[in-house]
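Paired with chain B in one complex and with chain C in the other, chain A is shared by the two complexes that follow.
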Partner chain A sequence: MTRLVIDPVTRIEGHLRIEAEVDSGLVKKAWASGTMFRGLELILKGRDPRDAWYFVQRICSVCTAVHAIASVRAVENALGITIPENAQLIRNLIEAMQYIHDHVMHFYHLHALDWVDVTSALNADPKKTSQLQESISDWPRSNPRYFQDVKDRLETFVDSGQLGIFANGYWGHPAYKLPPEADLLAVAHYINALDWQKSVSRFIAILGGRHPCPNFLVGGMATAINPDSDQALNASRLILMKELLQEAQDFVEKVYFPDVLAIASFYPEWTKLGEGLGNFLACGDFQLDGPKVDDSRRVGSSTTRRDPVDKAGNMFFPSGVIWNRKIEEVKKFNQEQITEYVSRSWYTYSDGSTDAKHPFDGETNPKYTGPKPPYDFLTVDEKYSWIKSPRYDGKPVEVGPLARVLVAYGMGQKQITDLVDKSIRQLGVGKEALFSTLGRTLARAIETVALMDEIWGWYNKFVVNIGAGDYTTANTEKWEPSTWPAEAQGVGFVDAPRGALGHWIKIKNGKIDHYQMVVPTTWNASPPDPSGQIGAYEASLVGTPVVDADKPIEVLRTIHSFDPCIACAVHVHDAGKKKIKSAGIMP
Partner chain B sequence: MKKIAVVGLGNILMGDDGIGVRVVEQLEREKCLSRSVTLIQGETAGITILPYIEDAEAVIFVDAVIFDGEYGEVKIFKDDEIQTDRGPPLSVHELGLKDVVSLIELYFHHKPDIALIGIKPKSIAEGLEISPEVEKSIPIAARTIMNEIEIFADMTGIVR
Partner chain C sequence: MGSQTFDKNVEAVFESVGVTRRDFMKFCGAMAAILGLPPVFASRIANAIEREIPFAGEKRPSVLWLNLQSCTGCTESFTRSDHPSIAEAVLTMISLDYHETLLAASGKSACQACESAMEENRGKYILVVEGAVPVSDDGTFCTIAGKSGVEYLKNMSEKAAFVIALGTCASYGGLPAAKPNPTAAQSVDEFVSPKTVVRIPGCPPIGDVLMATIVHFLFFGKLPALDSENRPQFAYGKYIHEQCRRHYHFENAEMVLGFNDDEYRGGYCLFPLGCKGAFTKNACSVMRWNMGTAWCVGSGHPCVGCSEKDFWDKFTPIYSLVEGRNPK
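Then we have the complex of A and B:
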């Protein structure tokens, strides 16, 4: 029995530690720990609810827009504010482009290097790489001279002795199976993705005023529309947006999606590994005019008045819950079923209870009881993480692209169903292959293609509204706190790129009295609850083969397939040493 | 046109960690920089700021940096002092900053001059306030940056 420790897990956002017991080359048991305190909810108490979005979007450098949208939705829900259609369209456009940005960048910059050996790309024949490119799509950058140039740049980079972003990779590991030409192709696309993301960032900046951290507004959006002004969203900017959308779509359809399928075809065993819980939750997102799916296909308790997002099937990504792989039985999502335990996390509840609390009653009282760093192993039989344990109806669930795709598939959402069927046919696998490490990676690519297609409808509707003289982007009826009740509470959901995200707010006398967030990675990376049910990360690692315990690339493949995002605080390096202290446990 | 980018890094929700952003705000208020200088609030954006600095001949980052010295001390780090391997770390936003510097080599067709204006933080914890010792360094850091811009402009003949 070997105990392996990966700390920090690299190529993720934030600080995650994985410990695993390996016996006869297989993971028997695993523990995921967030070793960084996230207590930013505490900053919000006493502040103006209309400012909350500004602070929460700075919690995480990657998910800026989605935190802000969840926050304004929570306030709007509490105060009973409906937003104009243009505001809904602008939010859809910004959020969709954030998805597309995040998913593509996650694949190339964080996840692909689990499958692509960068140093092997140096052995590639640029001519064969060119042929490979031409065989998978009609992407124009396919000239052999272009791949020679990429190879030369990579060579210079590697020869400089500083691998930089590629440092600490397990290069040369026998688990890498791509031919060198595919490796070179992926490295070229890694660089292209960096260049490409400019167009996505510009698109968001046009609508949100800036990027990163675009501007939001309770009651709508702050985007100024005036076809005759240079300072506002005008005709020429609308045309630019169209060009940027086209650039985004070309890369998604001609590079990202074909790459995911091509790389996956070399790793068939990973459609059988890394499944996890088999329980999935999607809170749904992207409001539409009319129904997208047949809501009668969903079974279970009806939703409640406090549940703002679940408007039947009127969401491009429908909400729902799947238990035990039963895609054909999608249950209705009801936010009242969400609770959080802290029994294995470094928090206490003020009433001393070990019961779970709904986020409206949730608390963030940090109390570190773990070993004093530096330590060899966490005390995994006690509390061992800064991540709480959210449960739905008392049970652990996985959130994220796979959950959304499975719920949409179960509900018969057409775009998703077509893409899933096409992809699994091309890979020569069955639907059960989705319950795997590669299933997660494939689901992320599938929803990106679907969204990229759908976004045109929102763009066109927005242009039509402006053409008809509708420049309204905000409802300011309830802007003044004097129009608010003395006390109100609300919830805002976003099914963010990494999964279901909820913000719960209580407002008292015009100020924030209570604020709780349940973020996607908290669902997936949670420690066990009091009845011993483990979270998605820990479940997905059981049974993973580990060929070399010093280079556990197999563990990284599965963890990265979830796209962990724990960047909710800062990590402080102790100068001169390589140990990392979390901000929360500094003396 | 030759350009200089000044990039403020840090999380303003984490006390002194946001000092780089505050320094760039100060420069924005002073409005005394030439049009060839672009001020960028990078905050915690990491590698996604790369396209915003791609046409810069020089990039000056401002960030909280842990080094031997007094709280609030301002120190300039140049080229090789900003390491791109995993040596002793410099900045608390190190992964982001190092990724940026390392990608600059791979991504840019030219290699811009890089400087990091480091300010030693005292307290990095939830909160919007900057420690008094560190806050005092905002005008010093702003002057240091303007000085760096002048040196660079003299070297390359940028019209100020």
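Then we have the complex of A and C:
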């Protein structure tokens, strides 16, 4: 039995540590620990609810839009604010482009080196790489001279002896299976994707002022539209947005998606490894029918409000829950069923209870009880992480691209269904292949392609609105706190690139009284609950082969397939003094 | 650039790494702008480089990047920088020897890469730190490889040539240090004396400002001029407000009072909506973000003052005026 420790886990956001027991070359048991804590919810208490988005946006600036959107939605939900259609469209445009940006970067810069041996690219025949490129898409950069040039640059780089970010990688590991020509193709696209991402991020900057960390606003968006001004969004900005959309789409369809399929085809065994729980949750996102926030969603003193994301059928990514791989039986998602345990995390509940709490009733205090640094191993039989244990209906679930794609598939969402069927046919595998490490990676690419198509509709609608003279981006009727009820509570959901995200807020006398978040990586990276049910990361690692414990590339493949974001996963709930019945939030 | 490609003929050198003459001149122009020099300096920079490329044929300077209590926004912003692009910088100008977000190796192999880079470049590498440093509870609010973040910082800064505190968290404590500062988070300079700490604040900072600072060091062999808070003068020399295109509206008292007003769409001054541009030193209104595409006020949101010390407490609520302070 070998004790494996991976700390730091690199090519992720934040500070993650994996410990695992390896026996006869297989992982028997694994523990995932988040090792950084900031305490954002404590910092939020007593502040202006209209500021909350700016604070929580810094939970993580990789998926830089999603916490801000969840936050403004929660505040709008609490105060009964309806946002203008343009604002809804701008949020969709920003969030969709964020997905596309994030997923492509994840694949090339965070995940690809698990499958691609950079040094092996030096043995490639550029002519064959060119043929490979031409066989998978009509991407114009396919000339043998181009790949020769990339190879030359790589050679110069490697010969310099300064390998930088590629130093000490697991190069030459037998787990790498790509032919050198495919490695060279991937290295070229790794570099192309770096340039591509900086360019397409301009799309978000036009609307939000900058990227990362674009600006949002409670009640709409702080995006000035005025076709007759050079200081606002005008026709020249709109055409630039269109060009950037095209640039994004070309890369997604001609490079990213074909690359995922091509690389996956060399690793068929990874469609059988890394499944995990078999339980999936999607909270849904991208409203399709405009921002018709009806009065039944009002909060405050009203108790007849409906959950803002519970209108299944009107979102591009539908919400739903799947148990035990039963894709054909998607259950309705109900946020009331979300609770969190802290029994194995470095927090305590003040009532000493080990029961789970709904985010509206929850409270947590940080209390580190792990080993004093420097340490070799965590005390994994006790508390061992800053990440808590959210459960749905008492059970662990996986969230993220795979959950969304499976829920959409189960509900017959056409774009997703078509793409899934096409991809598995091309790979020559069945649907069960989706329940795997590569299934997650493939699902991420599938939803990127689907969104890339859908985003044009929002863009066109936006242009039509502006053409019709609608420049409104904000509803300011309830901007002043004097218009707010003394007490209000609300919830905002975003199905973020990494999965279902919820923010819960209680507002009292114009100030934040209570703020809580249940975050994608918290779902996936959670430690066990009191009944011993483990989370998705830990479950997915059991049975993973490890050829060389010093080079645990296999473990990284599965962990990276989730696209961890640890800064997101770690947070603390503030102790809301007054309980407002969460029944008010029932759908 | 490896030594074998070293050539005094700059075009050959640049061509060997796929940079055309046009790209090169564009780069020099951008550098001149970033460094706050008039356009005529573009050709002078080009000449200077052509005469002698300080980093050609030599070892690329080693850059080590430590991520502490951060949101990775500084890294994200760094990867958005335009000139040089991240790909160009990492492949041909610097050797990014440790950066957890990008490093191929994990765990033990990553730690080894870090240690050998520190040894081989002892006294010469640039340490970039992103995020604040939590000190309460023995530093257990941020650990890497079982060691506290504070330990990591002390160890990595000891052998560095100098330290860049990137972003408002590393520069001043930032968000983790906002009231009530639950983890006793502090700024980087508290732990690394006597090393010089260059502050590049911003939440996040503009990626190009970091690039320009590094490039300045590569070209001229020294740091750019710093102000009293150790910020590069070329980027933090002026208040946002002084160079804001809405400034003449400010002077004419043409103000925006609401996000849905005609004045808002007319590009009037955002001061009444809480704009902190008058109290904030940063390059946003001139350099702008994302390849010069946009910036906060330009798109319609007030400047929050994200590069100023304690802005999380001092400049909030965001949409309110700062008590007792009036813009010039």
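Basically, the second predicted complex is superposed on the first by the 547 of 587 C-alpha atoms of A that agree within 3 Å, B and C clash if a C-alpha of one lies under 4 Å from a C-alpha of the other, contacts with A are read in each partner's own complex, and residues count from 1 in each chain.
Quick note on the criterion: a contact is a pair of C-beta atoms (placed from the backbone, for glycine too) under 8 Å apart; a residue touches a chain by one contact, two chains touch by 3 or more.
Predicted, not measured: the structure shown is a model, and the values here were computed from it.
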Dominant toucher of chain A (residue count), chain B or chain C: C
Which superposed partner A:K198 touches (first chain B, second chain C, both, neither): both
First (chain B), second (chain C), both or neither touched by A:L42: both
Chain B versus chain C as contact partner of A:F55, first or second or both or neither: both
First, second, both or neither for A:R153, with chain B first and chain C second: both
First, second, both or neither for A:N314, with chain B first and chain C second: neither
Contacts of A:S561 with chain B and chain C, given as first, second, both or neither: neither
Common ground on chain A, meaning residues reached by chain C in one complex and by chain B in the other: 39-40, 42-43, 55, 58-59, 61, 109, 153, 157, 160, 162-165, 167-168, 191, 194-195, 197-198, 201, 210, 212-213, 567, 572
Chain A to chain B touching residues, read off their complex: 39-40, 42-43, 55, 58-59, 61, 101, 105, 109, 153-154, 157, 160, 162-165, 167-168, 191, 194-195, 197-198, 201, 210, 212-213, 567, 569-573, 575-576, 578, 583, 586
Residues on chain B engaged by chain A in the complex (per definition of touch): 11-14, 17, 41, 43-48, 50-52, 66-68, 83-86, 88-89, 92-94, 96, 98-99, 101-103, 105-107, 124-128
Chain C-facing residues of chain A, complex: 5-15, 17, 35-40, 42-43, 47-48, 50-51, 54-55, 58-62, 64, 109-110, 113, 118, 149, 152-153, 156-157, 159-170, 191, 194-195, 197-199, 201-202, 204-213, 215, 217, 219-220, 222-226, 229, 231-233, 240, 366, 368, 370-376, 471-476, 479, 550-552, 556, 567, 572
Residue ranges of chain C touching chain A (in the complex, touch as defined): 1-5, 16-18, 59-60, 62, 67-73, 76-77, 79-82, 85-87, 90-92, 94-97, 99-113, 116-117, 134, 137-149, 151, 175-176, 178-180, 182-183, 185, 203-204, 245-246, 258-260, 264-267, 284, 289-291, 293-302, 304, 312, 316-320
